[in-house]
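The structures come next, written out as structure tokens.
Presented sequentially are two complexes of chain A, the first with chain B as partner and the second with chain C.
Here is the complex of A and B:
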């Protein structure tokens, strides 16, 4: 049975020429070779390394540092610096994570204990499941013509979890925060789905690999810039980036739904927004920026398109967190009004543009 | 009564506002005009005659008690020296660094230093007797740069130099 499984893993393995000597050396050792070939099996590699968990963690650690640093620079401060002066405090998020790990996790008396403890762990489900359908070049787990709707549906589960977290916390600010999350969810979700459907209409397919193939010559942003703007705003709203950082407004409701969490539990729920940002930025770069199209780096092999996708995603995330330095926070009613007027009309216009492009047959 | 309305901006003006905000943010992100002095590693250039810790020139002291009289915090007490004259001692638990003593001294026996970040191990040590006062305070300096604020083109900027500030004036 081992041999059969090995056959299956080796038949669909990620090839990285630069690491090939190490892989060959590990292949000589019994049992280790099974683990290595299992990890290099493309479906698992997609979820665990790129574009999945490992890339997500790297992007998140970098982007949290970058957010604090760039905000500090614009506000004439220094930001994280002391923990590694030569790197400009780059390992500060890692140090924070370590500190969270050793802090006590307090479950307060009023909380709904089972849900309160298990929901932060369950939140990994809607965050990691979309990686099954997000390809990075040749690395993908499942190729299906329904990839885009599935991803959007799974990402839409995150607000449900946040609302549940707020409910299980059973406290005043958590209640206010989850109510705000619900209202924001109503504000952006329709526009998000309309924009995504516009892109599906424009490309004539919901298969992400096909969509990237169609952007070989020109990125999609040039065909439908209105959809791009609408998707950018929707992402800022969906991940509570700054002009719409309403559910977690720390000056008003003190991290809203996450207020009662301590220790590593807080670390997990706090990064939920960043994970969602990573997912939506991945979608953004695939839909509008040509995904993993880019010059091939021969020594990286299969990892080269994944690297291009990762770089585009991180640059996008940097743009999103940069908004924090410039914008103040909207009121809840202003944000919802914005969602139901500007965003919705922009997304409907982008749908019309996509229909025109489809009818003329430019793509 | 004057009723102030919120300004009605059209689309182009609003977009201009957004772009302006982003431009300022980008400029500051690339080249921040921050004014922070990173204290242990940098030290601000202090003006001359800064009111820091005191040094007593014991040869100039004529035991006139003026410094002890004027001290608003009662930080100066006089103690008898080995030659029978009375000399001042400063209690830094009380001293408010006002330098009235230095100003009132008829002989100019009090000398000022630029040392203002003072630390003692316990309260007894904070009473500096005359023997301790005549020696300059012990320094532990970590800074590599001296920082000063300057106005250039109407904007406040921070100028860093490698030349370290002289905290204790040299004896003439």
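Here is the complex of A and C:
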């Protein structure tokens, strides 16, 4: 059975020429070779490394540092610096994470204890499951024609978890924050789905690999820029970026649903927004920026497209976090109005544009 | 839209009984019977100062707002009765330390009026410069707080960085970054040198330049306008009825500025405008203060120009110097003679009231002297914060809960100032 499994793993393994000598050396050791080939098995590699967990963690650590640093530079400050001075404080988020780990986790008396503790951990499910369906070049776990609807459905689960977290906290401001999250959810969700439908209509497929194939010559942003604008704003709204940082508004509802969390629990729920941002940016770069299309770097092999996808995603995330320095925050009713008027009409227009492109047959 | 009511018996929350809330319990019960509820904003809240606002809400809309100030009450009036007249100067700038010169000015002018002494011309201009520097500093401070209340962190950092230069200028003039204690009865502590005046002049140009960037990023930001336009409207009638003062009164269209109506110091010799607006909403309250910054910079530059042509020295009134031998030196710098002049200062019996236009509005000092003591018999301070608190609460009514911070910031309410 071992041999059969090995065969299966080896048959669908990630090829990385630059690491080949190391892999070959490890293959000589019994048992280790099984682990290595298991890790290099494409479905697992997609979830664990790129575009999955490891890439997510790297992107998140970088983007939290970048957000703090760029905001500080705009505001005539230094930003994170003391930890790893030579790197400009690059590992500050890591240090913060360590600090969270050693802090006491307080569960207050009013909380619904089981839910309060398990929900932050459960929140990883809707964040990590979409990686099953997001390919990076040849690296993918499951290829299905329903990939896009599945991803959107899974991402839509995140607000549910935030609302549950607020409910389990059982405190006034957490309640206000989760209500705001619910309202925001209603504000952007329809527009998000309509935009995604427009792109599916335009490409004639919901299979992400096929979508990227179709953008070989020109990226999708040139065909349907309105959908791109709408998706950008939806992403800002869905991930509580400024100017829509309404559910967590610390001056108004003091971190909203997450008000009662401390220690590593707070660390986990705080990153929820960034994880969602990573996912939506991945979708953005696949739908509009040509995904992993880019000059092939021979030495990286299968990792080359994954790297292009990662770079595009991170640049997008940088654009999103930069909004913090420019915008104050909308009021809840203004944001919902924005969602149901501007965003919805933009997305409907983009649907029309997609239909025209489909009918003319440009793609 | 038709309103639906759900008849669910709701108990008023226990914290209204367990905490000391200065409102009758019937009021709370009444609110909860009427399908409304109450929440406490502050005193430990990211969007409140050291004060509590008891907000009565119907859904998301504020029906009534009751202030619960007094968390930073330090008893300035009583403390002032136990100190020498001169020792009160550092005390009385504590209500609003960023506005120190204006707070000193009111008190010092009360003493001067009682002693009936005239301040040298040069000292008048220096006082004016200092008062206007503090006004710019306070308005920048308030703009920063407003920006962070709206979630705009860049708009928070920039005014504070600009204010840093004003702190630096105050330090060069007086030696202290915020609590200058520089203005004394009869003049100012010491003369200001030419290089410091040039520095202050440069600061005014720098702030003007940076204020343009700030305008682009925060003031003219569409989201800022959306958040503040037509929010927390205070009508002209209400503003007059509730005794709102300062820029917040001027934002409703009333042209009232103590500097223009009862000019003190050098204000009547300088060319400047009283800034007014018509809307009376949060945005115009903010814009009035932004415009006042540029007016203040204008005043400072004019005063510096006058000071350049004036002979240096003589910043303390000769009437006070009395038996001091080297009058020439003492009138240039009070150092060394301070307690000989002011240590046993007693005022003639009587009562004097002065009005000063502090940054946030009219500041009133009433000084009562019994004629034989070296400390005030009674000192009444009415700070602008206290005067516009009612108007602030009035303007909250009818807004949304999320607007509370925008309105709070637009008033620049500063609890230590109001509580004294």
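Assume the second predicted complex is superposed on the first by the 363 of 363 C-alpha atoms of A that agree within 3 Å, B and C clash if a C-alpha of one lies under 4 Å from a C-alpha of the other, contacts with A are read in each partner's own complex, and residues count from 1 in each chain.
Definition applied: a residue touches a chain if its C-beta (ideal position, glycine included) is under 8 Å from a C-beta of that chain, and two chains touch if they have at least 3 such contacts.
Just so we're clear, the structure is a prediction, and the values are computed from it rather than from any experiment.
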| item | value |
| --- | --- |
| Partner chain in contact with A:70 - chain B first, chain C second, else both or neither | first |
| Partner chain in contact with A:245 - chain B first, chain C second, else both or neither | second |
| First, second, both or neither for A:21, with chain B first and chain C second | neither |
| First, second, both or neither for A:78, with chain B first and chain C second | first |
| Partner contacting more residues of chain A (chain B vs chain C) | C |
| Contacts of A:254 with chain B and chain C, given as first, second, both or neither | second |
| Touched partner set for A:326, first chain B, second chain C, both or neither | both |
| Set intersection of chain A contacts, chain C complex versus chain B complex | 74, 76-77, 325-327 |
| Parts of chain A lying in touch with chain C, wherever the complex brings them together | 71, 74-77, 172, 242-243, 245, 249-252, 254, 324-334 |
| Complex contacts: residues of chain A adjacent to chain B | 70, 73-74, 76-78, 322, 325-327 |
| Contacting residues of chain B [partner chain A, same complex] | 21-22, 24-25, 28-29, 32-36, 38 |
| Footprint of chain A on chain C - complex, ascending | 39, 45-47, 60, 147-158, 161, 217-218, 221, 223-224, 226-227, 400-405 |
